[in-house]
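Next up is a structure, given as structure tokens.
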Amino acid sequence: MSAKIREYPGEEIKTRDLMEGRVPVVRWRPEAKYAWAAGVAMSRFLKELKMGRIIARRCRKCGRIVVPPRMFCEWCFRPTDEWVYVKDTGIINTYSVSYLAADATRLKEPIIVAVIELDGASKGIGILHVLGEVKPDDVKFGMRVKAVWEPPGKRTGAITDIKYFKPVQEA
Amino acid sequence: MKVWRLLRKSVSPRNFYSKLLYIINFFHLNEVKMLREVAIVGVGCTGFKSITPDMSYKELMFEAATKAYEDAGVDPRRDIDGFVCCSEDYWEGYSIFDEYVPDQIGAALKHLCTVTADGLYGLITSFMQIRAGAFDIAAVEAHSKASDILTFAGIVAFALDPVFNRPLGGHPHYIAGLEMKRYLYETQATKEQCAHVVVKNKKNALDNPLAAYGANITVEDVLESEPLFYPLSRLDASPLADGCVVMVLASDSVARKLTDTPIWIKGVGWNSDTPWLETRNWGRAIHTELAAEMAYKMAGIRNPGKDIDLFEIDDQFSYKELQHLEALKVCKRGEAGKLTEEGVTQRDGDLPVNPSGGLLGVGYALETSGLQKVLEVVLQLRGEARKRQVSDIKTGLAQIWRGVPTASGAVIVLGGR
Amino acid sequence: MFVKKRVAVVGAGLTLFRRNLKETGRELAYEATKMALDSAGLNLKDIDCVTLGSAPDAFDGIHMKGENLVDGAGAWRKPYSRVFVGGGTGVFVANAGWWHVASGLFDTCLVVAEEKMSSCFPHPQYAFTTIFDPIMDRPLGINLVWIFALEMHRYMHVHGIKKEQIALVSVKNKGNALNHPCAQLPAKITVEDVLNSEVMVWPVQRLDVSPTSDGAAAIVLASEDVAKKVTNNPVWIDGVGWCIDSTYWTNRDLYYPKYVECAARMAYKMAGIKNPRKEIDVAEPYDPFDYKELHHMEGLLLCKKGEAPKLTEEGVTQRDGDLPVNPSGGLLGVGNPIAAAGLMKVCEIFWQLRGEAGKRQVPGDPRTGVAQAWGDLMQYGSVTVMRS
């Protein structure tokens, strides 16, 4: 480093010092609440989820059928043309096995998350979801899976109306 | 050839060495001219509304972008190289909002960046990028989905210093109230004069199809409206609005090919005064004074009141229009209130200010405010402002302030040439 | 015909990177800025404008945090703006400084990057949940590491790469960091240590990951005329590039960072680089996870797709190898205060190209270096090419 520099600034403290009040701390919980308008595309998507179906949009120019649905095609930059239902089955594009919850605490039972390319959508078009009824070691790339839905009465119009995807035997 | 003609015309230099010096100076000055000029060649706006429950922010952006690209006659996938978006995480409710912008404006797998500031800062950023030679055609976007925010005051409070200011509590717009009181005290301007700003702007907004809050009100209406943070009353503060504006910029020769009415960026300036409430100057908008100085220097403006024909300046709170007019050196300190009372800043006056309706009439669309103002200047300079058209204008100015609790502002001077 | 201004880095400053630093965000920015100015022998009055890069406001706990940092960044009564492109911010802010000067508007620019992740309680990880789509992803209880694990797994699957090969990167970088005075987690570890470390989200294990940190970095940029007066060894920013990919990451194949290639091409074109593997002497790609160094090496066109693990195995990317990669120790070794980490890489290239990197110096008089950062939802690539 430049010869002029003797030491690098910064005074280290430990998290415990902060938690136990050995360092002056000011706490604040932000009041930040939002209610996002889902818009035309996602509102329909959520409505269809409530009815146990997954809906996508097709762009006639490039021919892609995309999910999550969107009113514009990002590659052609034009409005998408029509609604298309896709199946609730698909293959695993990639997956990982999580021992961490959203707040970084450890989980006893791991969550298996995967990107699932849905049947009926264009190749490579997938959604994120969790896998169930399968052990981590048994999951394979390209494995065929099917959605397990919440019963109709318990669906709220959310991605969690699908409980998880489970492996199915190839026909 | 030009050099020799100029030399022969020149009066003073007679001997050879003076002429040589003259030639050298000529080229030095022209080196500055050879820096790329940048123009706005397309604009698109969704209009400003108090709520937009039917559309997501993505759909708003797609609409404004489509309109802008149509106006400029470009295909973003093929023609536009650089994109600049403006957003602040906490207005949107997403962290790293930059993730969510490319697709709906045609920027997927393209050179896009996000500036966390008002759309005017984004425009200036794009201007610098084109000037530096990075791109020939660029697009700038800013939007507001204020109606998605449930706790607006809580979020503004979140911008206050966590150690010194937040623990005091209260709705953070008390800071605007403090500033208004100090401004009125120092300049001897009156609440009535501030109310005239509100009346003018809301009336102007009635002629603006994009505006959300146009209204025919009186000075009494403003003075009798519910006090918020005295001396600020309810009608002194701009109500929130949703909306999106997209603009397309291009470098000189490209701009001329794309449109017959390029609006040239003549000068830009931006500045930040201290973030500390405790040490700032409450009576003057120093950030705007310094930003304007920079913009005027670049644009060759010596007498803003005379050289500039139209002003779209930040009036998020009524007194701000007066404070900013003085900071822009359009009039002497303490004079703005009187000028407003006398009607000088009306659309048909000598110094038209906020012919679009300003934020008071159009709506305060968070970080889109700057682009809304530039949009008005562009439409006016193009002669497309219809009922709001101010006659005989060649140069316009747009200015914004970044809102409570900041002391940052930006200024841009545009010309039709 | 237009006159393009050449821009050089003339000074750099860096604070320690630690899990918790006592300084506030402003103080960190000040320390780095002061150091950069001192190293260039300049004063604040010599600086025409300031640009700052800092990642999500949610960590520092301040909305519009760019405004809060104005005085710490030396921007009082100066033109000041903040850019924010997620993790790519650190290198991107250097690009932002570049266009401030190259546009001809200013002669000098101060570029600052600051991050104070420790403010977020109970753990900065939790703030990351807010970067995800509230309809498609957040309801699943998503953790940030999930998606990087998905990308890592896809990369491994497509090219048939094993964890042992990837772990070599962590070993190299943490080892390199032993010579970095600001490093948070320098360590002498082995591949076995990595493979035995706690599984976070398979295939990501604890020693594959960089930590959350506090820290700040700053560099001073100057136009050609001024640079030559300030120092007799300016490092030129010859190429800048940035690119963003589609938000819909579940609709993309994650095995290759197209966006890094796109940004790299933009920068290489500007710098006149036709054969990156040969022309670049030292590289600092972004490595928040060990597999990312490999991923980005391919994106930077430093090797063919899938070839990066082989280069690592052969020792090509060691400090004394043919293409030293992350001689600083990268994020894995030095720490990951998001934006400051990226600018740390630019500082490293600056010091390397001037021969001032001390024990970390890459031998052989390197002349051309590239720094790269990555951000958003596996979407953003920002690249800076520097030459001495």
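First chain written, first letter: the chains are A, B and C, and each begins at residue 1.
We adopt the following convention: contacts are C-beta pairs under 8 Å (C-beta built on N, C-alpha and C of every residue); 3 or more make two chains touch, one makes a residue touch a chain.
Predicted model only: the values in this text are computed from it and were never measured.
Taking A-B and A-C together, the chain pair joined by more C-beta contacts is A-C.
Each chain gets a centre from the mean of its Cα atoms; the one farthest from the centre of chain A is B. If each chain is reduced to the centroid of its CA atoms, chain B and chain C end up 33 Å from each other. Look at where the CA atoms of chain A average out and do the same for chain B: the two points lie 38 Å apart.
Centre-to-centre, using mean CA coordinates, chain A is 26 Å away from chain C. Residues of chain A in contact with at least two other chains: 28, 30, 36, 38, 42, 70, 74.
Each of residues 61, 63, 134, 246, 248 in chain C touches at least two other chains. Residues of chain B in contact with two or more other chains: 90, 93, 102-103, 108, 155, 158, 162-163. Listed in rising order, the residues of chain A touching chain B in the complex are 26, 28, 30-42, 70-72, 74-77, 79. Across the complex, chain C is touched by residues 1-5, 7-15, 17-18, 23, 27-28, 30, 36, 38, 42, 45-46, 66, 68, 70, 74, 93-104, 110-111, 113-115, 124-130, 136, 141, 158-160 of chain A.
Of all residues in chain B, only 31-32, 34-36, 88-90, 93-96, 98-103, 107-117, 121, 124-125, 127-129, 131-134, 155-156, 158-159, 161-163, 268-276, 286-287, 290-291, 294, 298, 402, 405-406, 408 touch chain C in the complex they form.
By the touch criterion given at the top, residues 12, 14-23, 28, 31-32, 35, 38-39, 61, 63, 118, 121-123, 125-126, 129, 134-137, 139-143, 145-147, 149-154, 157, 181-182, 198-204, 214-215, 246, 248, 250-254, 351, 356-358 of chain C touch chain A in their complex.
Only residues 52-59, 62, 69, 75-77, 90, 93, 102-104, 106, 108, 145, 147-151, 153-155, 157-158, 162-163, 166-167 of chain B touch chain A when the two sit together in their complex.
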